[in-house]
């Protein structure tokens, strides 16, 4: 399994979330407290949209453990972004290689995943066959996560992300059923087109991996008027993350089981996640 | 493109062929003289059958340039084998990663390839779909070479290697024709089950990459009675290689265009390679 | 800190100790139970003397986490040795790179270390200056461990290993004292010339990292007549290891605090370790 | 040997110089036309000062060949800088590892080098001993280039760069003389504090590696009024590079043998380089 973080808000140095918090994502690479594994040392990736950069996000992906990635530490200190995804990997069997590091990218879209498809090696062929030939050539690695992304693209991610991910989940479950694989899907997913950010928490057996979102910063500031960290964060800050980054009571809300959320200017939304078989 | 070497004979230290000759395979990684590229720096691999080891071959594969691979140099000095394949890679577009390094293995079989399938990204889906579901899960990387191996397995490599590779070539060419891709296949291939060694030289346009085999050692010894290197090689030595390892006149014979060869105890065989569309 | 293992006995496949035991060294790379860190993911190395190979040991060293090193797994299955060292690294600050992976080699000698020199960056210059110019050029990395090895070589490791290591420890402590660094040395060390194996357990504050040696196999066989694993081990088997490889009661003896041990044909020896300032 | 590039001018995407020119630095990593080796595949590095970033430069350094570094390609597309150094490495013997990749950094300073110190392994100890203990701990790798940087720091690089580098060269030559090593130094060097840029071309035997600087952009625009690339470059553009990036006649001037140059607002300067023995 893995751990991930998604940020949307005013421009912030990447290290502010990846390195500085007590239980930062990099800390979680060696000492995850809620993950299936305490160690997430099979690669790391960050995808960010530049403040003045190209419309497409930039990727940095390293195959070594996040805790020792010197380049990432350098970039964290110098790159600011108002929207970025970050991921640390614990392989569930597929190779440790850059093409298997999250986030994955297609055009302006990014995708990252914690979880797995049970018995993926057995189901993979049927899943891959369902990927639209237009998207197929962009599959570069060998993970279940990247296939899920391309299935979601096939099912309309760019037009209606919630529905596309629900169809992807329903399709995975139907293929698994056909192969006699029970409870196949376990996932928390973040995806974004550079403007909006979607998060999903779901598993076939309804015991999904942990996922949290920060409490509204304005409310936290009232609660902790002396906390300087909070004053550095803008009101519209949204951090979605596999595990809380710190221990400030009240700062983190669990994302409900089987749900989706959208972070967007003018009001976030939350809804129930229901796998669709068309 | 790439460069490769296949050895069959008495047990020999791997470095004798990978490092010591004037134009050794490692030398070719930086200074190939007959390759499409002078540099073959996108990974290296060796697969060997142990003298007393397990029946399955052992693989060592590194993602850095062969010339700088410290582990390979160490292994070359200490591992002897009477049958091994070695390969240096120059990527034709797919990622530089261990799962893309040759040789590839399935059970007791090894496979390595120099060449490419033209417009592989466009043809890949149709090619992969034809791989038998029993072999599909063992595709770990993203190269054309590994798909060719799994197609050959699908077409009966373990039973009749020449026919299986001919069917693979015919299938690739028929898929390419359907997509309007001319002259799709360029290949020199070595494959082995640990007892026999097959080599193939073929390209759709009949202008195949170079491939050579050593002249019979007994004949060479008569020609060069004072050459000590020749006295270290046994009579049954067969070295098949993309480029000659040295400049000894008469030592290397080009493998004919569009042909296959089998190295086996009791007499090698050579025949014409004809792509089969069943 | 790190974890290591040293084996002397009849030839054995390396994987028998690195992969197969319940708490194998590879398992310890992610789940060390007695180490300062549970994770030892900053590189791995094995140095072995071949059954028929060159007199110098062969090294394999990888910079990624041991648990994911595909080449090591391959070698483990095919290489047998009657004397080898293996090490998994948890960096105490110096770079994650091959030249910092243990074991280190000089001629026929291997050396591996768990522990550290406190404030090494501050003491390093004085320590390195004391290395004999004849040994200095063979320092290839940046670790305290490699400097300790070269100090021991300077102080006569090849002639009188126990005394040389005692002088090295005494020298480190005297340099530290001069710089006002208290309790500078923490070490368990294994070193070998390919025939004999020395192990050391020492720390300036007399609270050394854990170190164990297996109970005599003959005694264990009497205790556990039905245990098949024990019947695969020869009587002269010696395994020295940072943590027990399993939970068999009585199978592992702690090496005493501040001591050295020699594994040699005709009877092991044990003695008290006393840092020497000449 | 190696190849490098230094840029000072208006902010520019890094890829404009590293990837886009016909003979870009990345192209030179595989096809250097003037280097000692055609291949410079032993690592790559870029150090840049951010437009709004921290005063210290940011480093990205990769150990694989530059031509295949996916992260570098990503960064090249999204990072702009008005002052950066870039380097591709061809090892002259020391390990291929991140700590040996240029540029090297100390505080606000960057340093990169093409060339070598002859018989460095033999001279290294005496050279390193002369490094000021205050700078010694920041030596992280094992190259001659990094030692040269730390000697220059010791000799006052931060105060009087030209004089410091001249003293460094004189010191290297005097140590070499003592050891009987003739013509020890071969170097082109770029160094910068983030405001000014110094370049050096020197070798003990006065046959230094190639180094070029672009002709004044205003003059080139008059010469080539229709060349759009030239209109994207500002007047104060200075590109110092081991080999010309293209074939535009008149666009590149060789830096004279045994000279130094300073790029600084208000007028560049050039002078003769004379090794100093104090």
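First chain written, first letter: the chains are A, B, C and D, and each begins at residue 1.
Note that in this section a residue touches a chain if its C-beta (ideal position, glycine included) is under 8 Å from a C-beta of that chain, and two chains touch if they have at least 3 such contacts.
Here's who's who by UniProt: A, B, C, D = Class II glutamine amidotransferase.
Because the structure is predicted, anything quoted here is derived from the model rather than measured.
Undergrad: Name, by label, each chain that touches both members of the pair chain A and chain D.
TA: The shared contacts of chain A and chain D, listed by label, come to B, C.
Undergrad: Over half shared numbers or under half: where do the identical copies chain C and chain D land at their interface, same or different?
TA: Over half shared, hence same.
Undergrad: From the mean C-alpha coordinate of chain A to that of chain B, what's the distance rounded to whole Å?
TA: For chain A versus chain B, the centre distance works out to 41 Å.
Undergrad: For chain B, write out the residues touching at least two other chains, lowest number first.
TA: Touching at least two other chains: 70, 95, 98.
Undergrad: Note which residues of chain B are touching chain A in the complex, please.
TA: For this pair, the touching residues of chain B are 95, 97-99, 121-122, 124-125, 128-129, 133, 136-137, 140-142.
Undergrad: In their shared complex, at which residues does chain A touch chain D?
TA: Touching chain D: residues 50, 53-54, 58-62, 70-71, 74-75, 77-78, 98 of chain A.
Undergrad: Give every residue of chain A touching chain C within the complex, in rising order.
TA: 30, 37-39, 41-42, 63-65, 68, 70, 91, 95-96
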